[in-house]
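When the chains are written out, they are named A, B, C and D in that same order, and each has its own residue count from 1.
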Amino acid sequence: MVCTLHIHERPELNNPVLIEGLPGIGFVANIAALHLIRELKAKLFAELHSSAFQDFAITTEQGKTNSPINEFYYYKGQHAERDLIILYGNTQALTTMGQYELCGRVLDVAQDFGCKYMITLGGLRREEKITTPKLYCAASGREALKDARNMGAEILGGQIFGIAGLLVALGKLRGFKGFCLLAETTGFYPDAVAAHLTLKPICEMLGLNVNLSQLDVAAEATRKILESFGLLEAPSEDRRKEGSGFRGLV
Amino acid sequence: MVCTLHIHERPELNNPVLIEGLPGIGFVANIAALHLIRELKAKLFAELHSSAFQDFAITTEQGKTNSPINEFYYYKGQHAERDLIILYGNTQALTTMGQYELCGRVLDVAQDFGCKYMITLGGLRREEKITTPKLYCAASGREALKDARNMGAEILGGQIFGIAGLLVALGKLRGFKGFCLLAETTGFYPDAVAAHLTLKPICEMLGLNVNLSQLDVAAEATRKILESFGLLEAPSEDRRKEGSGFRGLV
Amino acid sequence: MVCTLHIHERPELNNPVLIEGLPGIGFVANIAALHLIRELKAKLFAELHSSAFQDFAITTEQGKTNSPINEFYYYKGQHAERDLIILYGNTQALTTMGQYELCGRVLDVAQDFGCKYMITLGGLRREEKITTPKLYCAASGREALKDARNMGAEILGGQIFGIAGLLVALGKLRGFKGFCLLAETTGFYPDAVAAHLTLKPICEMLGLNVNLSQLDVAAEATRKILESFGLLEAPSEDRRKEGSGFRGLV
Amino acid sequence: MVCTLHIHERPELNNPVLIEGLPGIGFVANIAALHLIRELKAKLFAELHSSAFQDFAITTEQGKTNSPINEFYYYKGQHAERDLIILYGNTQALTTMGQYELCGRVLDVAQDFGCKYMITLGGLRREEKITTPKLYCAASGREALKDARNMGAEILGGQIFGIAGLLVALGKLRGFKGFCLLAETTGFYPDAVAAHLTLKPICEMLGLNVNLSQLDVAAEATRKILESFGLLEAPSEDRRKEGSGFRGLV
């Protein structure tokens, strides 16, 4: 199992916060990360490929091929804004072992650029109709939990599948602090309302000056990107047996 | 497949006995180990994570995240008591290869701290109602078998799945002596009676001064820990295809 | 996961083009590669085995055993012809991770012999009857896309499974240019018409002086080779669960 | 994936022949190897464990634990007898990758002790009633095929699953010569008649002075060993999904 990391630039960051934005339930994290990248004009500085990603090429409307990828963007905060490292991509790893290695490499990058705090995002799928979606959280420890609770998030019980949970838990073992923030969603993809719900308090906490009125644009862009990648379709019977396409937050 | 071992303290132990207490059928080993740790105030000295553990975070009632883990505790015996290394945790590895590597690392730790003898515990599932549960055993060799037989355990035929069997068998290849002790259980989780059945003769053999009257407390604590970890639920259909949640002793 | 590479000869090649010809849908690439090898009298210079290939031996009509294999052939162009590296074989890797490693090793070989451009081939399965099969393409970038479009190929949307897609996408990360060329086929094995459709414009583009009138002979040879290897049979139920026999281009 | 090899003794062997005798269809190879070991009083000189073997312990009637294992025995021929290396064990590897690594390690040992020729054994399952079972063969090349054909074996078409096929095919890549010899069997375990059918011409070819009248004893011993190891039972539904218990020769 091999992750390949390409670092294109080595930005000087001041105590940056890692924001995880890979695809999952409701594509909440994915939309939020894309929106941040666009609004803040965050810069791509590293790319990660894993042999636990899908073994296919994805074609764009313009006839170009891409491979499943995770990307790292950075943003140097203005005035009172915190510096950011944003993890964005079109997939998580397909296997348990692959998820562990992916998290390990993401933490390597975060440490390498001075990050000690992370926020992971996700959706919390609800079968029933949601009138007023709520936020839920779980944290590395007392301090980070307080940060999350201050956002009005309730404490989550049970397991958190996927990278959003694993990254906080494995990060904790390396001394990272942080929390996982989940917004209720029916899972209709991609859920701009749930993305808004997570992004608003995060921007407040980190002093980020971001206009959130265009989140539906990011959601639509996410939908188009994912669709052209074939990633919004139901996984085929065969694929489902092998791994799991996407594994979001239950 | 990578196991990560963190050693927090290097206790001086005198010919310690390794007691395996990971989750399995009836959570017999898990309850017994937790009880020993609490009663003897055994100290955590090492932690082990494996990419063959579940790729999720588990949240506590207090909103904190944890990852699947195996822990090593030590106890320095008083008077005639034997020194102990207790292996405790909330999971075994999910894959065959992961179980082999996990056993290898556990044996590394045991050797590193001077251990040459091990006792592994487990439940032996019975479909029918059990009026007087019995003990069964299998051992690395003649000497250890005698130790187990002296406890009133009958000889077990067939395979012993999971870490309880594999650890004795692979330990034998490295010169370890020891035995596997299994108590009959209907598998209703977690079985304090079966745990008592195994723990009583072990305490006698090792001269351990442990009050066993509170084993139901350890069983209840095990139930709560496991429940909050989501580990008492039936594994989902998907999970069952991939690996096996828990693999205890059949 | 280990690939073993044996290099028998180190030819001096002048800016060679890699042509991928492993089995897939309609065996389009396989037929085309075999035909090129035979017509151009291309020479075998390297062999690759992977532990992600099938774990069986294949017997020939003459009672000899062979193992699943990928082979590299070279051709030094005459006059205006381009030099070639042809990847030929009787299988792709059975697992996702195996496909990634296989592609990595193929790219290693290509780089080692000065290759910077690749053409991968495949079939595009159609359920309905095909009266006039069309060509489709996806490319590493603008320049290669133009090369493919000049062949009359339309732009393909969606994912490209198998080595034909992955090789272009992973090659792009290492600076390779190139495209994937897919011919429509009903998937009735092996499809000489579809092979002809891909090979004709490739020969024109690369200035290759190849007689294409005998492609049905290569198709029949492919059929016989594959049949004696047991590779034309439907994969057994068990096999299908494990991996995927062949994974061609959908 | 790790194989662990323990070499207990380094015998001086004169151009030994490797005879493969792991469990498979009809346990033909397993019976034959056990019989040779017993009759020739062959000596154990190396042991091999793999993390791709089953992750359980197997208990003997005497209450001792063993792990799945492959063993190497040697025999120094008397007079005109050839020296032998006999590969014996209670399992093959459970995964494709594991089979490849296992074969690699077996070939390492064989090369290390000067072996250049191998004979692998197996059963060829027939659905219908067999009145006069026949022998089939496949070989590394012309010379070895002649050896096998001289035994009256017919040429086999198709694939040879399991170690019997893979070992000859992978050995060929390293310069080994040899053949695979398969006896027809209904697969009723273990088939002493089929074992006799393979062993008789092998003893003649290698000048081995072995009494074959007691093969039913070896078959019965094989049955008992395997039964106590639980290896004659049908693999559970779960296991079958993961790998394949035993994979013999189809």
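Just so it is clear, a residue touches a chain if its C-beta (ideal position, glycine included) is under 8 Å from a C-beta of that chain, and two chains touch if they have at least 3 such contacts.
Note that the coordinates shown come from a computational prediction; the quantities given were computed from them, not determined experimentally.
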Chains shared as neighbours by chain A and chain C? none
In terms of residue numbering, is the interface formed by chain B and chain D classified as same (over half shared) or different (under half shared)? different
Report the inter-chain centroid distance for chain B and chain D in whole angstrom, where each centroid is the mean of the CA atoms. 36
When the centre of a chain is set as the mean of its C-alpha atoms, what distance in Å lies between chain B and chain C? 52
Contacts with 2+ other chains: residues of chain C: 241, 243
How do the chains pair up in terms of touching? List each pair. A-B, A-C, B-D, C-D
Can you tell me which positions in chain C touch chain A when the two form their complex? 96-97, 99-101, 137-142, 145, 148-149, 155-162, 165-166, 168-170, 172-173, 180, 240-241, 243-244
Can you tell me which positions in chain D touch chain B when the two form their complex? 1-2, 4, 6, 49, 51-59, 61-67, 94, 228-230, 238, 241-243
